[in-house]
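Note that the chains are named A, B, C and D in the order they appear, and that numbering of residues resets to 1 at the start of each chain.
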Amino acid sequence: MAKKTGDPFSKLEQERNRKDSGFGTATTSTRARLILPDGRFNVMRNGQSFSARLNLYHRLITMPVFEFVLVIALAYFLVNLVFAGIYYSIGLEHLSGIDEQTKFISPFWGAFFFSSQTLTTVGYGHISPLGSLTNVVAAIEALLGLMMFALITGLVYGRFSTPSPKILFSQHLLVSPYLDMNGLMFRVVNERNSQLINTSVNLMMSRNEADSTGKLIRKYYNLALERDFIQFFSTSWTVVHPITPESPFFNETPESLAASDTEILVALEGHNDAYSNSVHVRTSYLYSEFVWGRKFVPILSEKGNGYLIDLNKINETVEAPLNV
Amino acid sequence: MAKKTGDPFSKLEQERNRKDSGFGTATTSTRARLILPDGRFNVMRNGQSFSARLNLYHRLITMPVFEFVLVIALAYFLVNLVFAGIYYSIGLEHLSGIDEQTKFISPFWGAFFFSSQTLTTVGYGHISPLGSLTNVVAAIEALLGLMMFALITGLVYGRFSTPSPKILFSQHLLVSPYLDMNGLMFRVVNERNSQLINTSVNLMMSRNEADSTGKLIRKYYNLALERDFIQFFSTSWTVVHPITPESPFFNETPESLAASDTEILVALEGHNDAYSNSVHVRTSYLYSEFVWGRKFVPILSEKGNGYLIDLNKINETVEAPLNV
Amino acid sequence: MAKKTGDPFSKLEQERNRKDSGFGTATTSTRARLILPDGRFNVMRNGQSFSARLNLYHRLITMPVFEFVLVIALAYFLVNLVFAGIYYSIGLEHLSGIDEQTKFISPFWGAFFFSSQTLTTVGYGHISPLGSLTNVVAAIEALLGLMMFALITGLVYGRFSTPSPKILFSQHLLVSPYLDMNGLMFRVVNERNSQLINTSVNLMMSRNEADSTGKLIRKYYNLALERDFIQFFSTSWTVVHPITPESPFFNETPESLAASDTEILVALEGHNDAYSNSVHVRTSYLYSEFVWGRKFVPILSEKGNGYLIDLNKINETVEAPLNV
Amino acid sequence: MAKKTGDPFSKLEQERNRKDSGFGTATTSTRARLILPDGRFNVMRNGQSFSARLNLYHRLITMPVFEFVLVIALAYFLVNLVFAGIYYSIGLEHLSGIDEQTKFISPFWGAFFFSSQTLTTVGYGHISPLGSLTNVVAAIEALLGLMMFALITGLVYGRFSTPSPKILFSQHLLVSPYLDMNGLMFRVVNERNSQLINTSVNLMMSRNEADSTGKLIRKYYNLALERDFIQFFSTSWTVVHPITPESPFFNETPESLAASDTEILVALEGHNDAYSNSVHVRTSYLYSEFVWGRKFVPILSEKGNGYLIDLNKINETVEAPLNV
């Protein structure tokens, strides 16, 4: 365990100074971007426990509202189907009052509707359980119903109270003229009326490079911004990385970016006033999503005694010759 | 993409050093303040998705309680109306027991009350569904009722558990004598009994200025404060910007402030003990809301074995000749 | 608005360097401590809006569980009483089936029990509404019942999910021997099994002093601590302010502390793992709660394969002659 | 209270510079680790209030789902049993309609099922209360039922909405070759699909040392890491402490570590995107859980257009001779 002679720290210092986004150096696949445009990491897991893989709550919270209602309706139907089967097997003579129903509908569906009245705790009582077995099943079903609706209450509240933020990013990353040089630019805007404050943005460039042995490794560089924090994220924000000679983007061409599989990782953080929580969103721009020599058109205008943002214009650009 | 000769960084450094609140430089309208007195940004959005524009949860959470109860009662009435129409169309002969009711009320209202008993899951059962169609509708209505009340439960909890903070700001910004100079002063007090801690205030002055080409742009300046943080926000807080020669407010007059459309942006942050969340509030003072040569009267007095804040006095001032 | 000649900043700098806890300089009453032992600020408010004064949610969340159940039971009783009165006034002939009940109980109580069955949505149906007026009232009561229980659900969840932290402070502040000098010491322990991490403590001394004109003002001093942060607040923590010659406490005596109405303000912050929220608690020690020449006895012992804290010993001390 | 002659601060400075994790210096038991592998502190409490000891909410929130359902079912059964006993004692003649049931089941179970229909607010009504006493009990039971299910709703939501993070740590701490020296390494991976960001790790070494008087005290050392922060915790993270000559681990052997009862305390913090809360987890490695001369095998591979982590491999290692 004695330390080596010579200068043992140089390698360590190099390693310490190496940027790492957290994706590591082995993510050199040219077919796999690191972050998907919607902000999810492009990483799957094998060997998860069932509940971790299912991730039920998160799915139910984030699925579209129509799908959510459908899932509940389906669950309601299936549970009633199962209990109808049980009541039917026990025997309809243990459902007092069902005779009046079965003049109109089949015995099974009579049991089905009794089940639905029990599960929802409506309990009209024109059909009622008779005998121990049916009574036990009905008592269990009523409890189950209450637990199911406890669950639905929680889900509905969860969906409503912590809506996913709707931060819109421009579809492309522009290489635009900027001051007396050029800059990387994308535009971001809050679709919701909620007020984002203390918002900051972090930009990281990631590309494949060959190490001293010629092996491809993934390298990461912070891209310095014109402005990486704004107190009030009230309108739209055009985030700019000035391409100074110090920038790792300096002298790059569309071809060189494609060759090194360049991807720009974007992370935005802020505080959402209305829901009193912090907002973290991500996106990324792959080299194929860069557009050269265009700039954004204004998105903000005066209207009445206030200002208006036109979200439809977020991706609108005009030609703009680059500075050389 | 080669960089220009000369000193390419001077423009960039200027741009970097320019303060920006997040409203940008184009917000030079003299009819539009940036922040409304209640803290909302004076910015509308065009092209929002329907759900973002509706912003339903946030509205239901923040509307006055009377309005909230009314919305629920109305929704309850309308849903029952719709289902009454359905039961009525299917035919009253499929509502067993309704005959006893229709001696007193019209058949439609009999169906209406059956609907209300189903939606709320009361289900007395003196009226009960007969036949498959009515049973199906009743089963759906009971499920809908449970989902509606899941929603109401969530809303009621949301309204109750995260009340909007009630931070009161004085109506005017005073230009008052301060030590051996003058100062900008406003007063802030927590109307609720909840305990705010680690509270900080940030003040920004915003005004129109002509750039080198004569074009109006909006410029922003931080205003240094006598004190920008207090550990316990227990009583009232008179926030003071001392008008030193370094202040951008130095040598300003009511006329010059009006000419440049000056607006002071205020942001206050703190931690709310009782609800274990952070509080962020904003307000702004337009030049027309400044008052010259007055100072605040004390708001705190001793009472019994403690202290008393009189919230009614928050806007009370007396004449106070400015230092010259 | 011209600035004064001479050195205009000296007064400002003095003011800026003055510590202020947020209680201000006018809180010089000798009968009023600033912070109550339970951590509340000793400040009342006049002129609050009704809802801010009522502070209903916070009270219902923090009252003892027995009181909470009582409040709900009482509300339940009163609402039923009101509705019983309404049904009774409309006429019992509009409550079908009540005749069977009134053989045993008075008509009013029959209406009362019908009301309770409607409010809770049990709806047995052996009593049921007849005629439009009674039906309308019953439909409203069922809706009210659901809203009341939405409210109760929210309150129960609120009570359960964000329990007030139970941080115990020793009753007295000790002046004890510490290393080769003396120190101010108090002890703090987490009564709950929840795990507090990244915990920090801040100590402020507050006392009356005469300013240059002889007027009493309240002054504040930070007290430097031996240790003001611990990563794991796992056992107990004896917080120590070493009384070095630089300490504002140096050379103080019980008499001088009483004369200046000295109060030590304590604020503790940490992160609560189990409930994923931050914990902020406060207490204060008035000069009359200082004990001189004693030290704490150990509170931690080994037990089995772990350690044991004996909460009963938090206030136990033994004599310990001070260093001179 | 005069200060001692000589240099009174040296002892204080020593004390101030001593690291303390919060476990203190008296925790020198060789049978008691400080942090259990699941992250709980190995500390019990004596003298807690009943509710603090019970810690009911936290237990119900964290117990396995099967156990949770069982607890609810049991509570449901017991409450019904109690109320059945009450109705039975009052007399079955006060339960109208029970005669039809008692042809099939015993009177007590008839009362039991009536109770269950009241508690769940199903209220079929084929059995209904008659007379004041039974009516009062039924009204109370329905209220109790609603409160119980308010509670269940809250618990179900709490369980669902704030799932405990599932951060997996490798079972052993490896002493592995690292660059041109050796390093302490463990691996950590997020089992859930949720996205952890701004994640940091802190490592502390804790061991028994004799002080100048020969008394054992517990000492703590921070272990510097190759990297203690990653922005995106997307894949797996091998945390490395390089064993430089400055490391307190330098020159240690398995025997010396056992003799000093060495334990490595690990704390990880991050922000969980999906649930918008912060994640704090802990674990510890006792000297007996160190493995010398092995290194981890890769856990990340390419799959389709993305990457795949194989959680099953988290503990897989291969032999790797240490650098000397």
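As a convention for this text, contacts are C-beta pairs under 8 Å (C-beta built on N, C-alpha and C of every residue); 3 or more make two chains touch, one makes a residue touch a chain.
These figures come from a predicted structure and were not determined experimentally.
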**Complete:** For the copies chain B and chain C, the interface residues, called same if over half of the numbers are used by both and different if under half, are different
**Fitting chain C to chain D on CA atoms, where both chains share a sequence, rotation angle to nearest 5 degrees** = 90
**Item:** Per Cα centroids, the chain farthest from chain C
**Value:** A
**Fill in**
Counting C-beta pairs in contact for B-D and for A-D, the higher total belongs to A-D
**Chain centre separation (chain A, chain D; CA means) in Å** = 26
**Asked** Measuring from the mean C-alpha position of chain B to the mean C-alpha position of chain D, what distance in angstrom results?
**Response** 37
**Request:** Provide the list of chain A residues touching at least two other chains, using ranges where the numbers run on.
**Result:** 117, 121-125, 149, 153, 155, 157
**Message:** Give the list of chain A residues in touch with chain B in this complex.
**Reply:** 69, 72-73, 76, 80, 100-101, 104-105, 109, 113, 116-117, 120-126, 149, 152-153, 155-157, 160-161, 163, 166, 179-182, 191-195, 197, 199, 226-227, 230-235, 237, 242-245, 250-253, 271, 273-274, 276, 298, 300, 302-313, 322-324
**Prompt:** Of all residues in chain C, which touch chain A in the complex?
**Reply:** 121, 123-125, 153
**Prompt:** What residues on chain D touch chain C, complex-wise?
**Reply:** 1-4, 8-9, 11-12, 15-16, 20-24, 26-27, 29, 31-35, 39-49, 52-53, 55, 57-58, 94, 96-97, 117-118, 121-125, 127-132, 135, 138-139, 142-143, 145-147, 149-151, 153-155, 157-158, 162, 202, 204, 265, 267, 277-278, 280, 282
